[in-house]
Amino acid sequence: MQPEARNENLNPTGIKVVSLISIGQHPQSGRARRAEQDARAVELGLNLVGTGLELLHAGEGDETVMRSYLGMGLPKMTLLKQRDHCDALPVLAEYLARKVPDLVLTGVRAESGEASGMLPFLLGEKLGWPVINRIAAIGEVVDGEVEVLQALPRGQRRAIKVRLPFIASVDMAAEAPRQSAYGPGRRAAIDANATDGVVDAVRTGWQESPARKKPKRLKVVKAKTAADRFKAATAKPQGGGGKVMKNESATEQAQAVLDMLVEEGVIR
Amino acid sequence: MILDGLLPVLISVALALLVIGAVRRVSLWRAGQPESVNIVAGLLAMPRRYLVDLHHVVERDKYMSNTHVATGGGFVLSMALIVLVHLFGVDSQWLAWALLAATALMFVGAVFVYKRRQSPPSRLSKGPWMRLPKSLLVFAATFFVVTLPAAGVIPAEAGGWLLAVILLAGIVYGLGEMLFGMGWGGPMKHAFAGALHLAFHRRAERFGGGRSTGLKPVDLGADILGVDKPRGFKWNQLLGFDACVQCGRCEAVCPAFAAGQPLNPKKLIQDMVVGLAGGTDSRYAGSPYPGKDVGNARGGPDQVITEGLVNPETLWSCTTCRACVEECPMMIEHVDAIVDMRRFLTLEKGNTPNKGAETLDNLIATDNPNGFAPGSRMNWAADQNLRLMSDVKEADVLFWVSDGAFDMRSQRILRAFVKLLKTANVDFAVLGDEERDSGDVARRLGDDATFQSLAKRNIETLRKYKFNRIVTTDPHAFHVLKNEYKDFYPQGEGNYEVYHHTTFINELVKASALRLDLYKGGAVTYHDPCYLGRYNGEYDSPRELLAELGIELAEMERSGFRSRCCGGGGGAPITDIPGERRIADMRMEDVKATGAELVAVGCQQCTAMLEGVVEPRPEVKDIAEIVVECLVEEVH
Amino acid sequence: MSDLIRRDPRTEWITRNRLHPLHADVLFSGGGATGAVRGPSGLIRKNPHASGFIGPNGIKRIDRLAALKGESGPVAGQRRGAAKAATEVQLPLVTVENPDFYIVAVLDMVGGRLTSHDKDVLGQGHKLAAGLKANGEGEGVVVAVAFGEVKETSFDTAGADRVIHLQGEQFEGYSPEQRITALQVIDQQLAPRHWLFPDSVAAGQELGCRLAARLGERPATQAWQVDNDSALCRGGSQRIDISRATPRLLLLAEECADPIDETRHEAKLIELDNVPATLSRIQDCGAVDVDPSQIPLGEAEFILSAGNGIHDWNQFHAAAEVLGATEGASRVAVDDGFMPRFRQVGATGTWVTARVYVAVGISGAIQHMQGIGQCDKVVAINTDAGCDMVKRADLSVIGDSGEILAELIRLVESRQQGGAEDAA
């Protein structure tokens, strides 16, 4: 379901949009990839200003990943080259302060590393721009003001008006990114600028290890009486096969279904 | 007689026009991309390719085969003799009589063509093709009469002005259709283009009983990946399109066409012809793409094909089952062309429909199409105690598990096969988590970059270990390993044998490594997987194996090389182009028509597709599962 | 009144005489629900005969479980349960008059109520406070900060020693800037030892990050095992754990700590210094109506899914609308053209993570079952009691889907009307 016509080269709004892209990580394989939220941010940007969108990455700039973003139809991108474990914030803030875009798009959280989700807010704080979290769509720019749709849990949306310039982090609820095409991605230009990276000193003291499985919270029965303990010990474990209603009337059956729905809180 | 003077002129003019038209046509083909072909060897091989290889295909329809031999043979002979007798005026009664015989032969053939065209089946194109039998008759009859004096049957002065005028008209009409039309895009174009197509065919291996089904790799460094415009095809591919006789045999066997999806291989090839010559498809007189009107397609050698000439949906409807290629009497390579155009859509446009993009992303990120953790590839075999290649380094047989490892239904097939291997004490090992998707789906979806990356990494793994042969339960992996990995192996390497598990089990049974009971159950039919049958010519082993179990197959009408696809190939379930019916449902109808209670299958994709048909329906089982049921286990 | 205990011989007699017509009344009303009677010496005696009920075999049974469950059981059991509920134990109240330090927890308060995540965060707050106390840093309090309208009444049992309630027009809706200003005021006023936020989509993550950026703190995010020295944080894609020194500001994952359940806290309101009004550059234009049927399947939390067993599609769509469910479909339903492809659930369609998945007329092909593997509760409506979906389902109703859906629609509609009348 992709829109028929895309304003690939038009920039009707005439605004400058920068999309920050990061190295994603596949949750199953851990392999570097186009980050899902960042790709959605790029998609939003492309739909907003076409190929006028600027892609910006600070870091080593894994070539395959950068090209997979470029394969969405952008002829070039800017790479602020610095070594891993350098803090992306200072170089990005410096670059953005110099370029003064109208809109900066990011993902909500990185897919690798600390993934604190702090970057948009830190940038906002540094640049003095408002930050809007988890947007799903951006409307048209009217007199420097734009209406964005913010994604709320359970597929709900909130309309927000904000003046340019601002920073927005893009939620997974935004339109899915277009496919990355290998050919154009390979031919696009990566404009690499060397920077003096500042090593993230705080992080050096941390210890990283593969994620441990979080223990599932047990239902601890704090029994005060013998009967409580007896009950806890003999209670039927959950999930041991469901309840089957065969011979009840349709009304009773429907009532049982309804009770379950109400109990689970999906019907209010 | 006035004709005597006029005839050589007319013939010369017609021949000149033919040459001019031919040169023009050749220049259209030469607009395509270069491809090195041995011109001389091709031309020398051409008669044999025509008389033997092509004839094998045509002969499947005896009526048409005989008709074509008479008509075509008669015409070629007549034309040669006409040049001698009427152009160069060689005065020989012998030659004249030979010409009489040739034209008579052609006439007889043309009569049959005419009869066939009285009520043509829907697959045949109409339009100019309806005119052709009449033109053939006129040509043959006219030259028969014209030659009569030269043979001395009738005096040279016989007949009056009226006859002369009628003959003149016949000559002009006949030569016009046969020679002018040949060079300038009439129905007879097929003779000229077809002959050259056979000579310069891109897959010369197909002639002389060979087989060439692997897709050609894309040069990933090229400026445009895949084929964007007609000019983007290789020149001999363009030539191949021009060879089409619009017989519609491809249309008759195409599963997508039958399912009402917007694909008709014949129309596709004709659209390519429109593209290479420029213009619209308004003169096309055959069946349209289901659900699409004729007359709206417009193209030219330098216009992007998917922008006006062919709808991308058409290209994505194909299941790459090769039924059209198998049936084509002109040996046109439809699937190559379709995949070439898909490559452009995927690699340049990033427009793989529906779940295509997701599947490709998964393949890139996890080496399997569904995005499962690569480290969970062996989970299915947790209880199987399989030996890993990384531990043993060497084994007689490498069992290529394929992505069926992630699918709960396919795992049953894998377990069954493992049981057979163990019972027969085969020295085998698996790659385990080192294995990756073979790249089949990525390649059929046009993403040759991902295919090549998967193939190269798989090859790197394979090269680490020593084994004598590979065996797999997945015909798609089988095909790719056997036919498409060679292009990526270093010179002289990669000479392993690849077995499909049905072949392998059959060998085990023949070597008495497995003791089998007779099959107890109802009627059984067998569905030939496209990638096992048409792609690799393995029709017999599965049947032999089933016969070993005492099963007398109730064959479907469409079986063997004519087997109908299950709808699961070529990424078709992923791109999922809507039609009026589902291919799997139609195939299950074929099964039901045999009265079978069980359909034996040799492919996990076919199993999934056929089991997806709503019950009640015959049961679907892989041959490995059936064999395991009949296994006599030794009691220790 | 005199302290002298007077005996009532008649009552005593009736109490002794089990065949007396008034026996039961006297026993339960006079002596109280526990069946307590005054013994001859004036002591309160339990009458063992008063509890229990006569079982089906005529034998007296004492049902202790019924009392706990509060289910409608035999009369005696119910009475006993009721009595127990009335004497619910008051959890011990923890009071801290002059706290040495503050730990501030900013809560999500979805719908004005504490979420379980909020309770975990409060629990974590107390864990940190206890740790600090053990280190000799004195007695601290956990302060709960709630924005907007609050309906919650159990701050005390959830572990809030203090509550800061920021209410008013300026805090309504999406007002992150104003909220951060308020939190800054709190930061100055209380100088909290720790700031705790739930790392949640609801609000916590955003506010936490904003405050961290404002205060220049480096927060621990997705922290799931925290003590006073170190915090264990989940990294990107849930693939790594980062162990680091516990910072001042923490964004806590769900189930980071056990909620408070054995103590009661003061929940004393703290008045805040004047919170200056911030010029808001972000204007909230309110919620946008989202049609549940438009929610992507992967995001949906309640899916009504249709399969081959559906015959009346209009009714199915109506049911989905009435229930407010997102529509799903089996492959067959999609292939047959009744539902669009992007509604297909399963390994070959969308993998769903709904909390409740209602499968109507879906027998459960293996690919479909794979696709709903992560659903919490599955309800099957099917005619075939032996199908795989019924085996997987937590609740299965066997019968004609049309009838059951019709009943379900009727019940939900009457419920909604009933609700409306109640409100009116």
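Each chain carries a letter (A, B and C) given by its place in the written order, and its residues are counted from 1.
Here is the rule we go by: contacts are C-beta pairs under 8 Å (C-beta built on N, C-alpha and C of every residue); 3 or more make two chains touch, one makes a residue touch a chain.
Note that this is a predicted model, so its numbers are computed, not measured.
In terms of Cα centroid distance from the overall Cα mean, chain A ranks first. Distance from subunit B peaks, on a Cα-centroid basis, for C. The interface holding more C-beta pairs in contact, when A-C is weighed against B-C, is A-C. Our note on geometry: subunit A versus subunit B, Cα centroid distance of 45 Å, whole angstroms.
Here the spacing of subunit A and subunit C, counted between their Cα centres, is 27 Å. Rounded to whole angstrom units, the spacing between the C-alpha centres of subunit B and subunit C is 62.
For subunit A, residues that reach two or more other chains under the stated contact definition are 26. In subunit C, no residue reaches two or more other chains under the touch definition. Against subunit C, in their complex, subunit B makes its touches with residues 354-355, 370, 407-409, 573, 576, 578, 582, 608, 611-612, 614. Against subunit A, in their complex, subunit B makes its touches with residues 220, 224-225, 346-352, 356-357, 360-361, 364-367, 371-375, 447, 449-450.
Chain contact summary for the complex, subunit C toward subunit B: residues 308, 331-332, 335, 337, 341, 347-348, 365-367, 370. Residues of subunit A touching subunit B in their complex: 26, 28-29, 31, 33-34, 71-73, 178-184, 186.
Contact residues of subunit C toward subunit A in the complex are 64-65, 67-68, 173-174, 176-177, 201-202, 205-206, 209-210, 212-214, 218-219, 221-222, 224, 233-245, 251, 255, 258, 261-262, 281-288, 290, 292, 294-296, 299-302, 323-326, 342, 355-356, 358, 376-381, 385, 390-400, 403-408, 410-412, 415.
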